[in-house]
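Data first, discussion second: the structure below is written as structure tokens.
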Amino acid sequence: MTTTETPPLPTTGRRQVGDSVFAGAAKAAGILILVVLAGVAIFLVTEAAPAITAAPEDVPGGEGLAAYIGPLIFGTLLAAVIALVVATPLAVGIALFITYFAPRKLAQTLGYVVDLLAAIPSVVFGFWGIFALAPALVPLFGWLEDNLGFIPLFAGPASSTGRTMLTAGLVLAVMILPIISAISREVFRQAPALHQEAALALGATRWEMIKMAVLPYGRSGVIGGAMLGLGRALGETLAIALVLSVSGGITFNLISSGNPSTIAANIALNFPESTGLDVNTLIASGLALFVITLAVNMAARYVVNRRADFTE
Amino acid sequence: MSTPTPTAPSRPEAAPEFDLAAESGNRLPRFAGWGLFVLGALLAAAPTALLGWSTGLFVVLAIVVGTVVTWGVSRAVEGRRKSTDRLVTCLVSSAFAIAMVPLFSLVYTVVSNGVGRLDAEFFTSSMVGVIGEGGGAYHAIMGTLIVTALATLISVPIGVLTAIYLVEYGNRGRLSKWITFLVDVMTGIPSIVAGLFAYALFALLFGPGVRLGVAGAVALSVLMIPVVVRSVEEVLKLVPNELREAAYALGVPKWRTIIKVVLPTAAAGLGTGITLSIARVVGETAPLLITVGITTALNVNPFDGRMATLPVYAFYQLTQPGVPPEFGINRAWTAALLLIILVMALNLIARLISRVFAPKTNR
Amino acid sequence: MAKRIEVSDLDIFYGNFKAVEGVNVSIEPRSVTALIGPSGCGKSTFLRSLNRMHEVIPGARVEGKVVMDGQNLYDPDTDPVAVRRQIGMVFQRPNPFPTMSIYDNVVAGVRLNGGRMKKSDTDAIVERSLQSANLWNEVKDRLDRPGAGLSGGQQQRLCIARAIAVEPQVLLMDEPCSALDPISTLAIEDLMTELKDRFTIVIVTHNLQQAARVSEQTGFFNLNGVGQPGRLIEFNPTEKIFSNPDVKATEDYISGRFG
């Protein structure tokens, strides 16, 4: 091997220009994310400010910002809660089915199939909601009004198009189903095998094993997953904008044609034609939505992460 | 999907071959789980046929009666514990079956309504001068391609670099903890809020009422960046540390190690993650509705005024179909079908990438 | 071109934990130096501090001096990347780059440093390095196949070829044979004997016979108790260590009367 006189080790001066440039770029990208998020908050506040400070009679509806946004927040929460109540038990059932009951060979494929639901664009869910789900639910609404009308939720009069709050909530439920079931599957899969085997060794049936060794372990994961689903449901726009027939304000009546809108749907429907203070008002409502989803998502992350710490 | 399928207990480790009830001798035969459920479902069929109930009602009734029959018989023959197990099996299987109903119904509705206009004209003409029949989504398809490509161009470098920072440079320090947390928060931003942000940003720059393709791309980027960061981070973590050390020990600087060793090793995962993140935003409607708007003619310049995009096109064709409405509504369905095809194709490509380009180690 | 390494008062830390303490040693050029000692006593840690691979681990740091050729490797002005170019390393588990062919693996060190070379030059480097690593005859017909497709012993020799392709002064090897069968182990031991004419070699091994077979000098590391830092107890010519060590602990360890 040719022996060349080796140069002395180079010093810091010319070293790693590439390294500092690259590290700097990576760091800058990370910081940009902080900036973007701050930007979202700042720009929303800036553009919402005129509506917040405006005289009540200038705000759409003529009774001030709170009166305008209030029913929207109510509608948003109502639709999301319906979705959550319907989707969570179903999602847990699906997760249990895929993890413990389905034939081993099929399990992965079934998981993919459920995930397909998550891939469908929300505008398509909206189409399906109007044209397939809503008409299919009309007879059910009639039946509910006739037989359970004494419950305020089903007081009626039943909508003849089916485009009600309950329909919107059900569409949302289908949309958040894959989110909750994916996280539930994850936590069920991580339940310690040792406990499960111990339970089986004691002669437990499959369900007893799940009750003893899986559900206690997965509970906070499921709660976190449900809250992430809630966050998604709160912000869902197009499906609701299409499905829900809006008129009137706050009501718990789920099957009539008079429903409050949701924040997101209201923005989507009114923004394109709005100018001036109307735009600021819509942005102010968007700010409210941002704050609500932020709170829900942070709480969800907290619950999910606490579980992760606990696991380690 | 009207007959949900409770599966026979076929998992050796999950299905104990003995329990107290079984040991005392009473055990239903293997096919009983199925058989009883179908029996119950048939019981539900009788009133359906007589009273002319709808399919949906029949499915619900079949599940309920099937479950009750299975549980009741098992309870009588096998005892409480075994019957509870069967009850739960019926319930979770039904949960899965119920989730499949909307999926199949949705795909069926969209395909059957959408194939009608899936013709050459749909792909080649725009909506200029079209009121009723005819017209297409050429301009919207182009718009979606341009806006999505632009969003990808913005999100991928930022997302990949951020992930590189978190995995390679962050050292779990304060900044990287903050970034991780905020990426999580960003994942939860509603798409309409992302749209409002982009609008507010561009309204400050260009005055109120602005509609630009690039504003839509920025809105989509807000939704896309966290997805990219998350998936790239996962992939980079999978690259074994030994490879980094091997490169360092050869006197390769860190940045070259990342570019020449870490990223190529993770290439398949990167491709998959980025493709999935595109799939995530390509069907987004709300942010484009308020930032990009809609046009009837082709506009390929994202820096100059409104553009048409496929999801927004679908929305407006449905809500403002023109006269007579059926032509617009048909175009809307075809656009929806096209969107589903696009998203599914992207998902398929993602899966193929991870299959085909996975590093060929046979260790 | 092989060089001497002088270590003085070296303390090595992982965060607040002091893993190795007070090492003073002079490693001879053109020879094989073996490091032995019980598990966890800091042999790998010490070895990795010789080419500044130690500091790659978050929180890891070093106090003291490592001098090669009159230059302190831990001088604040010294570029760790340049140090590693001159002091190469072979790891316990073979780690060829999975995305690269055998050929590309060998020239990885040259190419990844941005060197633009003519095909004939890289061809020469590949042949020479693989010859030196006693691997040429086995792989010369399939240089374009993935490096990860070789057997474990071949992969390890490929890693050695890759390390010597950049022509370092010193070659550090951390238990290079522990994942290999006896035949591959012998192949690599022979290789070390050949390579020591050109490189300074430091090897960590748990195999005392191996240390006795291949090395001129041997260092024995030990630690007094759990959580205590490891120390270099004895450093002497191999013959002396294995026949008549100065320290009682060394003798106990060598003769298997340890612990």
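By letter and in written order, the chains are A, B and C; residue numbering begins at 1 in each of them.
Everything that follows uses one rule, which is that a contact is a pair of C-beta atoms (placed from the backbone, for glycine too) under 8 Å apart; a residue touches a chain by one contact, two chains touch by 3 or more.
Since the structure is predicted, the reported quantities are computational estimates derived from the model, not experimental observations.
Across the assembly, the mean Cα position most removed from that of chain C is the one of A. The central chain here, found by comparing per-chain C-alpha centres with the mean of all protein C-alpha atoms, is B.
Centre-to-centre separation of chain A and chain B, using mean CA positions: 13 Å. Chain A and chain C, compared by their mean Cα positions, are separated by 53 Å.
Each chain gets a centre from the mean of its Cα atoms; for chain B and chain C, those two points are 50 Å apart.
Annotation for chain A: residues touching 2 or more other chains are 16. The multi-chain contact residues of chain B, meaning those touching 2 or more other chains, are 253, 256. Counting partner chains per residue, chain C has residues 81-83, 86 touching two or more of them.
By the touch criterion stated above, chain B contacts chain A in their complex at residues 7, 9-11, 13-16, 18-20, 54, 56-57, 81-82, 84-85, 88-89, 91-96, 98-100, 102-103, 105-106, 109-110, 113, 157-159, 161-162, 164-166, 168-170, 175-176, 178-179, 181-194, 196-197, 199-201, 203-204, 208-209, 222, 225, 229, 253-256, 258-259, 279, 282-286, 289-290, 293, 311, 314-315, 318-319, 332-333, 336, 339-340, 343-344, 347. Remark: chain C residues 51, 53, 56, 58, 81-86, 88-89, 91, 93, 95-99, 108-109, 111-114, 146, 148-149, 159, 162-163, 166 touch chain B in the complex. Chain contact summary for the complex, chain A toward chain B: residues 16, 18-19, 21-23, 25-34, 36-37, 39-40, 43-44, 46-47, 89-90, 92-94, 96-98, 100-104, 110, 113-114, 116-117, 119-128, 130-133, 136, 139-140, 174, 177, 181, 197, 200, 203-210, 228, 231-232, 234-238, 241-242, 264, 267-268, 271-272, 275-276, 279, 282-283, 286, 289-290, 293-294, 296-298, 300-301. Within the complex, the chain B residues that touch chain C are 171-172, 240, 242-253, 256-257, 260-261, 264-265, 267, 359-363.
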